[in-house]
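Next come two complexes, and both contain chain A; in the first it sits with chain B, in the second with chain C.
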Partner chain A sequence: MSHARTQKLTRIILKAATVVILLLLLLSEILFSSITLFFKSMITVIFTYPYGVIYNNLMFFLFGLRGKIGGLTLTILVAAVSLLLAFIAGIIFGLMRNSRRWWLSYPAIGYIELVRSVPLILVIFWFCFFPPGLSETLKSVGRVYYGIFALIAFTGAYIAEIVRAGILSVSKGQMEASRSSGLTHTQAMIYIILPQALKNMIPSLVNQFVSLIKDTSLLWFVGVMEFTSTIFATSNREVNTTVTMGLYFFAAVVYFLVCYPLTASSRKLEKKLGVGER
Partner chain B sequence: MIKKARELKVEASILINRYRFIFYPLYFLAIALFIYFVVYKILLVNVLNIEFNYKLNYAIFFTNYIEATRQSYVDLYVLGVITTIKISIISLVVAMSLGTVLAIFRLSNVKVLDIFAKSYIEFIRNTPLLIQIFFWYFGTDPLLPKVFTTWLKAQSNVEFAYGVIALSIYTSAFIAEEIRAGIQSIPKEQMEASRAQGFSFLQAMRLVILPQAIRIVIPPLISQSLNLTKYSSLVMSIGVVELMASSRFLFGGTARIFEALSVTTIIYLSLSLAISFALNQYNKYFLSYTRY
Partner chain C sequence: MIIFKKVDKYYGSFHALKDINLHVKQGEVVVICGPSGSGKSTLIRCINELELINGGELIVDGYNLADPRTNINELRAEIGMVFQQFNLYPHMSVLKNITLAPIKVKKMKKAEAEALGLELLEKVRIKEQAYKYPAELSGGQQQRVAIARGLAMRPKIMLFDEPTSALDPEMISEVLNVMKDLAREGMTMVVVSHEMGFAREVADRIIFMDVGLIIERGTPEHFFTNPKDERTKAFLNEIL
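Up next, the complex of A and B:
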């Protein structure tokens, strides 16, 4: 390669390099300015935010409308009640799923697979819109009860899978030993297998409770006045978008404060019981 | 006499087992008839005075929902299915890349990145998706520059974009944890051994660690994508016309609830079954010869 040619090449490379460096500078300038703008606007939002909106509506957020249960109380109440009933349903369907009789296991498999492959909104719509359209008596029942039934039907399938996994996690020798020492199958299940399985199931049950608390927010779709709906109603009253942002962030923080201790405790329990290490 | 009865029972059970393709449907028919007559006719109609007069009419799908453009509800459902698949695939891709970056942050030695990723993951995992969707859609205006928001509002598909943002951020937190768990489940000695063999760090990562980690990570990732497809139905709250929204249009406009929801259930069921079929095939061909 001749000397002139290399000079030309180096000049071209230098030009390209300068262009690239300038572009990078421009990009970094845009990035930097946008980041500073973002933080500036965040700081202005934090300092100029009308906190009175949250303070004035706090009772509405926590307890709902006057004379009715609503808000965060309803969220936790619905979650707790449906977890309790879904646990019973889950144990029944989990035992059915594990059964060797086809007429017990097939309906359980069908129910679990159907519910697990369908979004929760669909289940809620099935329960909240289909029965009230059928007759006048069913129309008079409140939407909350249909919502609770939907949550039970949905969570029951997930808990059934948890129960099945818990029973399978107890070693086979336990069942064989209890059968050979004279207990019947049901006796062995109730007194030997289930207590051990329940102990292994506790962390995943707590996780299920967390996801249930999160899932109760979907009752917004059918107009139940739980926490998300109260936030939504308040934000609809306000014109300012800054207020809206603060309200939703507040809602997220409240949900986090409710859910995070449960998640952390379930993780601790998991470590303590050694379930995750198996 | 007793012995004879027992023999008869055994013979009957053998016969039932042999012709089970006839007997099993008969059992189900018997259960259905029992429910229809005892539970419905006697308990509900005669005791509780609840009678259902609901006549199925699936022809409703072929009526037009907009007379001017002659679009039938079938077209609406097709649009809904396409939007559901589109939004899940796009947000899955975005969530995968975000989740990988977060997992690398979690595994890195830099403490600031670790703390950032950890707090991000915990905060996203412990707040409901609906609140997050509302936050991104209704609340991010004052945080972003005005030029950007005005440009965004001029677009035709703003809701779709916000839905993708919310879904991918929500899913990325879950995916990051799965990827981190997958990489951490490979014992440390493997890395040390391959380094001692003379591989460089990247070579060891590429040839030894990652092939094993991917094998562990992919089944939970597929179940996460299943969850994503199900949770994508929530973006109907901000006005994206996906499958759930189109079914809501149908039963909102015509009050044919059973028809709308049954067809939607079947479509969601087939989508999830397709994904779990892929999962099972994967398990069959790739995981069958690995032992841990």
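Up next, the complex of A and C:
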């Protein structure tokens, strides 16, 4: 390679480097200024925010309208009831799914796969708008009950899959040993397989519960006065975007405070169970 | 007690048991040996219908296993089984492992079942471990608990599927000693095992299997001193 060519190449590289450095400087300047701007406005918002909006409506957010259960209480109540019933449904469908009899497993597979490939909001709409149109008696049942049914149907399918995996996680020898001793299949399931499977399932179940708590917010669409609805109802009365955003931020904080301890405890549990017996 | 008549067993297209004829009499101890994949575990698992037979006839204690009307749970209650991997219930104490089947299947009173459990644990020489969990026990102790569990239903037949293969060498004898006691008491036993010392001492008959066939059968004396088949000789050369 000639001397002249080397010099030319060096010059080009130098030029390119200068351009890149200048661009980086510019970018960092934009980044830096926007970050400072963001924090400045955050600080202004934090110090000048009309906290009265949250404080005055706190009882509404937590307990709903006077004389009715609503707000965060309803959110947690709906989630807890749904989880309990979805758990029962999940065990039934999970066992059916594992069954060797086609007339038990096929309906279970159909239900699980159907629900798992449909958005939750559609399930909620189906449950809340279809049955009330059928008769007057069904119409008189509160929306919240249809909402709970929808959440059970939805979560039940996921729990069924968790149950199925939990049962498969128990070694085959356990079933063989219990059947050899004369226990029936059902007895073996109840006394030997399910207790071990449930233990393996606890972390997944906690996660499902956390999802469920967050999913209850979708009941806002059908007019159930749970926590998110109380937030929206309040923010609708406000004109100022900053105030509205503050409310949404508050809602996020509350959901976090409810859900984080659960996920954290699930992680702890997972560790504890992992170190245990096996 | 156990009668195999021309029994065939397939896994898909794989012919696992071929034309098995075998008659185990009451009080007899039969040891089955052979290379891995020879069908010996399949054979023993057919006896309590952990595996279904596909052809022939299998009659165990008067129950015909080919007959769909046979109550399999009733039959299984009369057969104790011990597995290679112990298969104790990890979420239950040793005593509960033993008393579960008597309480649930025989509807025995809890106190009565526990007395029985402790008696059996004494017999397998680990009474002091009754309230521990399986994971706290050594392999040999776990296998002895499994034997006690098998005995808890007062079975007429005990099946052992490679009971010492998963054990450390120093623990094998404690399990074999318990099995020898059982044999001396006149228990009908079918044992899949490579423990030739045990076979020589305890077995009434030894059966050698290969590729799903019974190749050689006879008393230990015959088996060890003048085996007829070349495969038996080769196997004995390798294992002794």
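Here is the rule we go by: the second predicted complex is superposed on the first by the 247 of 278 C-alpha atoms of A that agree within 3 Å, B and C clash if a C-alpha of one lies under 4 Å from a C-alpha of the other, contacts with A are read in each partner's own complex, and residues count from 1 in each chain.
Everything below uses one rule, namely that a contact is a pair of C-beta atoms (placed from the backbone, for glycine too) under 8 Å apart; a residue touches a chain by one contact, two chains touch by 3 or more.
Fair warning: this is a prediction, and the values are worked out from it, not measured in the lab.
Per the definitions stated earlier, placing chain B and chain C onto a shared chain A by superposition produces no clash, and the two fit side by side.
Between chain B and chain C, an angle of 80 degrees opens at the CA centre of chain A in the superposed model, to the nearest 10.
Chain A has more of its residues touched by B than by the other of chain B and chain C.
Applying the stated contact rule after C-alpha superposition, one finds that A:I46 touches neither chain B nor chain C. Once chain A of one complex is fitted onto chain A of the other, the partner contacts of A:A4 are absent, as it touches neither chain B nor chain C. Within the superposed three-chain model, A:Y191 lies in touch with chain C and out of touch with chain B [touch as defined at top]. By the touch criterion defined above, A:S180 lies against chain C but remains apart from chain B after alignment on the C-alpha atoms of chain A. In the superposition on chain A, no contact is made by A:V239 with either chain B or chain C. Minimum Cα separation between chain B and chain C in the superposed model: 8 Å.
Taken together, the two structures place no residue of chain A in contact with chain B in one case and with chain C in the other.
If you check the complex, the residues on chain A that touch chain C are 171, 173-174, 176-184, 187, 191-192, 195-196, 199, 277-278.
Residues 34, 37-38, 41-42, 45, 102-103, 114, 116-122, 125-126, 129-130, 133-135, 137-138, 210, 214-215, 217-218, 220-221, 228, 231-232, 235, 241-242, 244-249, 251-252, 255-256, 259-260, 263 of chain A touch chain B in their complex.
On the chain C side of its complex with chain A, the touching residues are 48, 50, 73-74, 76-77, 79-81, 83, 85, 87-91, 100-101, 104-105, 133, 135, 146, 149-150, 152-153. Listed in rising order, the residues of chain B touching chain A in the complex are 24, 27, 48-52, 54, 122-123, 125-132, 134-135, 138-145, 226, 230-231, 233-234, 236-237, 244, 247-248, 251, 255, 257-258, 261, 264-265, 268-269, 271-273, 276.
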